[in-house]
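Heads up, the next two complexes both have subunit A, just with different partners, subunit B and then subunit C.
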Partner chain A sequence: MNKMLKAFGIVLGMSAALAGVAQAAPTEVRIGVALEPPMLDPTAGAAEAIDIVVYQNIFEGLTRIDQNGAVQPGLAESWTISDDGLTYTFKLHDGVTFHDGTTFDADDVKFTFDRILGENSVNAHKEFYTPIKSITVVDPLTVTMTLDHVIGRFLFDLGRGDAVIVAPESADNNANEPIGTGPFAFVQWDKGSRVVLEAYGPYWGEPVHLTKATYVFISDTATVTNALLAGDIDGTNNFAAEALAVFEGNPQFKVLVGTTEGETILATNNRKAPFDNLKVRQAMAHAIDRKAIIDGATYGYGVPIGAPFAPHNPYYVDLTNTYPFDIAAAKALLTEAGYPDGFAATLKLPPVAYARLSGQIIASQFAAIGIKLSLVNVEWAQWLEDVYTNKDFDLTIVSHVEPFDIGNYANPDYYFGYDNKQFQALIETLNGTTDEAKRKELAIEAQTILANDAVNGYLFELAQTGVWNAKLTGMWQNSPIEGLVLRDIAWTE
Partner chain B sequence: MRRLLSHPSLAIGLIATLAFALLGLLSLVWTPFPITEIDIGRRFLGPTAAHWLGTDNLGRDMVSLLMSGTLTSFTVALLAVAIGVGIGVPLGLAAVAWGGWVEWLVLRLSDFVFAFPAVIVAILITTLVGPGAVNAIVAIGIFNIPVFARVARGGALSIATLDFVAAAQLAGLGNARIALRHLLPNIMSLIIVQGTIQMSLGILSEAGLSYIGLGTQPPETSLGLMLRDAQSLFLLHPLLTIIPGLCIVAIVIALNIAGDGLRDAIDPRLRQGNRNVLA
Partner chain C sequence: MGGGPEGGDTAPSRAVIAYALRRLIGFAVTLLVAALVIFVLLDLLPGDPAQFILGINATPASVAQLRLQMGLDAPAYQRFLGWLGGMLQGDFGMSYTQRAPVAQLIWDRLGVTLPLAVFAMVISMVVGLPLGLLAARRRGKAIDTTIMVLAQTGVAIPNFWFGMLLVLVFAVGLRWLPPGGFTPWIEDSGLALRGLLLPSLALALPQASILARVMRTALVDVAGQDFIRTARAKGLTMDEALWRHGVRNALLPVLTILGLQFAYLVAGTIVVENVFYLPGLGKLIYTAILERDLILVRGATIILILAVTSTMLLTDIAYALVDPRLREGAQR
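After this line comes the complex of A and B, so read on.
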């Protein structure tokens, strides 16, 4: 028996030594992400999963957003803005090539924005760029854009995944074979399994540390846990909060808890009775116990919100007490609205833990005021089809992960169907304002209107809870924009 | 009846099954705590005096959830067996009584349905009408139909060659009446045995479907759903997985023992026991 144990020990030692050799200079990283993107063209879809893989890795825009949410030069090395704030002149980087070898120049910039604004554009956020009146190619490395009104966040908007620069030669194939100018080139996509990227040798910017990055798609928490423990993946950007305790205190891993731009809401179909009634929405707001939801669904990692606005944003105002948790007030409002006994409705839940858990908790909370929710679990494809596109839903729970996406509420055709002319005018004024103090004032007014109107149930700001191998550095702790940027990630010894 | 219970395995199996069924039925009128009562403050309690098996990730009492989950699992499995018996047995009997193209049709239909596992049928139904316990029942039920059709046909074939069937035919009885009066009573034992086995398979299928999210939907609960909810917490709170898992195992074993015991007690061909080389 002893001999056997010894032999076993030797084998163990050998395998440890072998593993040591293999780990000598790792330059590859395997990252687990929950959702597989439907396709890989960030200019043609709203799914965050696309940006997670490609944003700033394969594709770059004229500007880029850094991990603090600030605008940095991207493909444009510098720019000047005319005094009236309407004309932007961009000086482009020299010597930039796309991954297929074609050269990047001002014509590609013009092509990209013509494509976004074109008739057949499928860009998810065309509205950010519609104020661009004209784009002029001055010379191959200079391009000017003229706006028809001032946009306060134009440089930020240029840094979004929606505005990355694509080439006319390859744009049509980007959905399956993305070709950009970024530090990583697309290698292959094994559908249902992974996407492989490799460092692009002739990259124009600062060289990256990794030679290869693999995104592995695993949606199941237990599987991600095992993959991390077994070393099959080196980290994940967003691990389920419920099982985070497994890795806290384990020296082989580090847990990065940060903020995201994900406002999690109980999205309410404002077009549909009884939700078109303000009193009903107010009653629902009163019936929501945010603390229980945050503890139950995010294990305390979420931050309560009272309006669809990120708490770390400088324009944020705390409106969580607009409709405090108050069953009696909720019941009174329901009675006033003509539903003394409540009503029945469906709650469609996409396949993410925060939604499924919040859904059960909200159903239990709403039962207290007589609103009987039947929970319908749907897959993402079905959610996008039924809820987002066809607007066929009563209630749903989802996180809106785009930065400063309060403007969605000014779009009456948006899936939750909020149509308030006063708010739409306000957002237009806000977008056209550059003065910081004035912008803040307007943003606070906008948040207050949305909070008072109880358009949706505002639940919490999603936290980013990354779990990474302790030897990896350079991951973004916070997520000021959708993406998982590989640029700074490196192994340390 | 006394003869039935003299088989110890049968007695154990039946009593255990009955105990689980009663526990489930009890949940209709009483559970220690209401299962829809979510109280985050008391989640992940270990076994305590108030919560004998602790509480789950939403602070619900595990005993109450188990009782309710057992009821769902039994109901789904029982109704699925009922669908199988209700459609499968008449088809099997008709195949024997009429023979010819009827028999051919029944057998080919059985082959066709057998080609689709219950999970595939469930996914199909879910895609068409959405997930839910009722759809799980239908999916498992459809899968049960050919099983019972074959058992009924097999049993009835051996009965149909006997003299009293020929006598009934000579007396001018129609095929339907022969099937009903002479074939069905003689294959009842086979169907009961098969029903018990299909019950245990049904409980496993329900657990499987709920586990992949196609069966019972929250806030209703079932044993499979409890497993699904608990699996990501396995390393932190193993009891939440182990308890419903053991419960499924215990019910399935109880049903299987009962089924085997029933077969031993009812089927005369097996009564010779170990001395029979064919057994």
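After this line comes the complex of A and C, so read on.
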């Protein structure tokens, strides 16, 4: 008996020693994110996972987008715009250094945009910056950009992850060893496991609260849950809605539900019969019961949309009642279109829960008006090839996650193939307008056209559902741009 | 040096060399065919790596430029020969999505997967073999039945589920061990070891169960053999006879199973690596397939094939050296 007690004591002692390590200091944070970035250069890839780690943490642009989606000064402390709206003069911050110690100045700005616009550029959003006709370095802290036509959202576009300022000395190595001007410097990347950032001492702006931030890559929901409960991570920016209940009643955690820029749509191949028929698309719109989809696929967290536009955007107009859920109206329209008995079609579903779940619900809703959907599950690479590149699809469900991406509807070659000259002209006018009131008016007109034309089925805006340690503050509740900004995050106590 | 007697000695070793050579050629052909099959299969997969990297809002010009930079525009046979030639010089190419050398990426991941597989193997032997021995010695008794029921359960329990159970108990509940993640060996080998403990246990359970069953069956078989009866006739108890003569003979089938298990463990870590978010080889391959990082998938697959085929080659040659019957077979 004594012996057993002794052995038990040894085991206890050992476990206490084992448990003693790894207590997070109050200025360090470990954050779980679902996807590991393929590399860390936001100017050479579109993956959201890149921006989650680096945007506004390691890298900064001339402007930055705040958590309400508004444009704030970044590396440019101020700017003036010429009366014709074509010439922007930026006054840069003094005393800014890159993490390798080199000085930031107007030459780096010119280098950055020359690189984006150059022949060898692999920037995912080159098109936002192609209107830049010339960039002139006036003095080390002043730079001017001249556009060949007015772009209403130019300052916003400068704040995107695609336009962060890089240095000629380090730009080529940013994929694996990113060097920027932000409040956090890159320390190490254990591939497959984590990225470690440390507060950059000589940071030019307001000092940050954290000294160290570790991004831990965990993809499985059950695993994230355990990591949170065991205290291995202090939070995660977007947790699976179906498991949120585990944390909602737990005082050690807080759940932050906010909006994203992800409009989830039932994308419809407008080139192809019968979807080229407006009546068919209207019938499908009438057959969609958004509430059932939102409850079933997002556990009630999605926000219904009636056009491809984010509800939190100041230009948003509620069009969810354009084609209200109405089976009789849907059937009548189908009959008018020449499909009294409906038709058969395929619905390709990418490997995300919201798409797979919405797909099943929509299939049953469409069955009520005689449209028989066969569901085809695809993975992302296959989706990109079949649906996006080769346009070989009838219907698909996907979330368009970039801010203000309504302009895609003006591109007749875009995968859903919507070709409306009136709409294309409208977007061109909108892009060339800088007056806020006028822009809003045009944006509302654009949304209305897309809703009336029922180009795609507009389902819901994805929610962002973060779970964090209750003692952490300063996380962005909404996600108006891709990123997980550490700037304001702090431990209370 | 005249040598009647020596002739008798060199003949079998020559036969062994010829046998080994034949096996070597077979080995090289296997690798070449494997490389070709991997290349063709992956080339047939739908999905363009460049499009994947740049996403759905990228301009076609940027995508075309990236394809050019990644060398994806060359004809298939050129890319195959380039890949093969590079590998012969030890260059596995650059990962499309990670922009880092494939060989480096694989090497880093082996630092997790290999120790994990070795630990799991050691644990499964330490647990499985004695239990098998115990069950065989107490054949038909309650303890035998208990062990066999446990082993049956162990085989049936999926290791990811067992892994999650371990996390719930030891990480979430008791907080003795981390729920997952991995600290690099050079940073803190103690923490690295702690991180591999639960995953090795999860991985070892089904293996230990299989080993226990195989060990028991082999021992029971051996116990009925003539030499055990002889040993007992000389006055040894059943336990002594089994221990002195039985175990060594029973180990042969067990060793065969162990060899197979190691290959299974290396490949089978993929699920467990996901449960414990470990940066291992399985996770690397899995992500690379999803991202159409074909050059990385190819490189990693060929390394795995190389590992398995060379183990088989070495085993075959070792058998030929040890077992005269195989050697004679080789001469025919």
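Everything that follows uses one rule, which is that the second predicted complex is superposed on the first by the 404 of 493 C-alpha atoms of A that agree within 3 Å, B and C clash if a C-alpha of one lies under 4 Å from a C-alpha of the other, contacts with A are read in each partner's own complex, and residues count from 1 in each chain.
Everything that follows uses one rule, which is that contacts are C-beta pairs under 8 Å (C-beta built on N, C-alpha and C of every residue); 3 or more make two chains touch, one makes a residue touch a chain.
If you're wondering where the values come from, they're calculated on a predicted model, not measured in any experiment.
By the touch criterion defined above, A:367 lies against subunit B but remains apart from subunit C after alignment on the C-alpha atoms of chain A. Residue contacts after overlaying the shared chain place A:222 against subunit B and subunit C alike. Using the contact criterion defined above for the overlaid structures, shared-chain residue A:386 touches subunit C, although it does not reach subunit B.
Contacts of A:357 after superposition on the shared chain: subunit B is touched, whereas subunit C is not. Of the two partners subunit B and subunit C, more residues of subunit A are touched by C. Once the two complexes are overlaid on the shared chain, A:296 sits against subunit B while remaining clear of subunit C.
By the touch criterion defined above, A:421 lies against neither subunit B nor subunit C after alignment on the C-alpha atoms of chain A. In the superposition on chain A, A:240 contacts subunit B only, with no contact to subunit C. Put simply, subunit A uses residues 220, 222 to touch subunit B in one complex and subunit C in the other.
Partner subunit B is touched in their complex by these residues of subunit A: 220-222, 225, 240, 242-243, 245-246, 292, 295-296, 351, 353, 356-357, 359-361, 363-365, 367, 375-377. Those residues of subunit A that touch subunit C in the complex are listed here as 15, 18-19, 21-22, 36, 38-39, 44-47, 119-127, 175-176, 190-194, 216-220, 222-223, 226-227, 229-232, 379-382, 384-386, 388-389, 400, 402, 405, 408, 415. Within the complex formed with subunit A, the subunit B residues making contact are 36-38, 40-41, 43, 57-59, 130-131, 213, 217-219, 231-236.
Across the interface of their complex, subunit A is touched by residues 45-49, 51-59, 61-62, 65-66, 69, 97-100, 105, 108-109, 112, 164, 167-168, 171-172, 174-182, 184, 191, 194, 274-280, 283-284, 287, 290-293 of subunit C.
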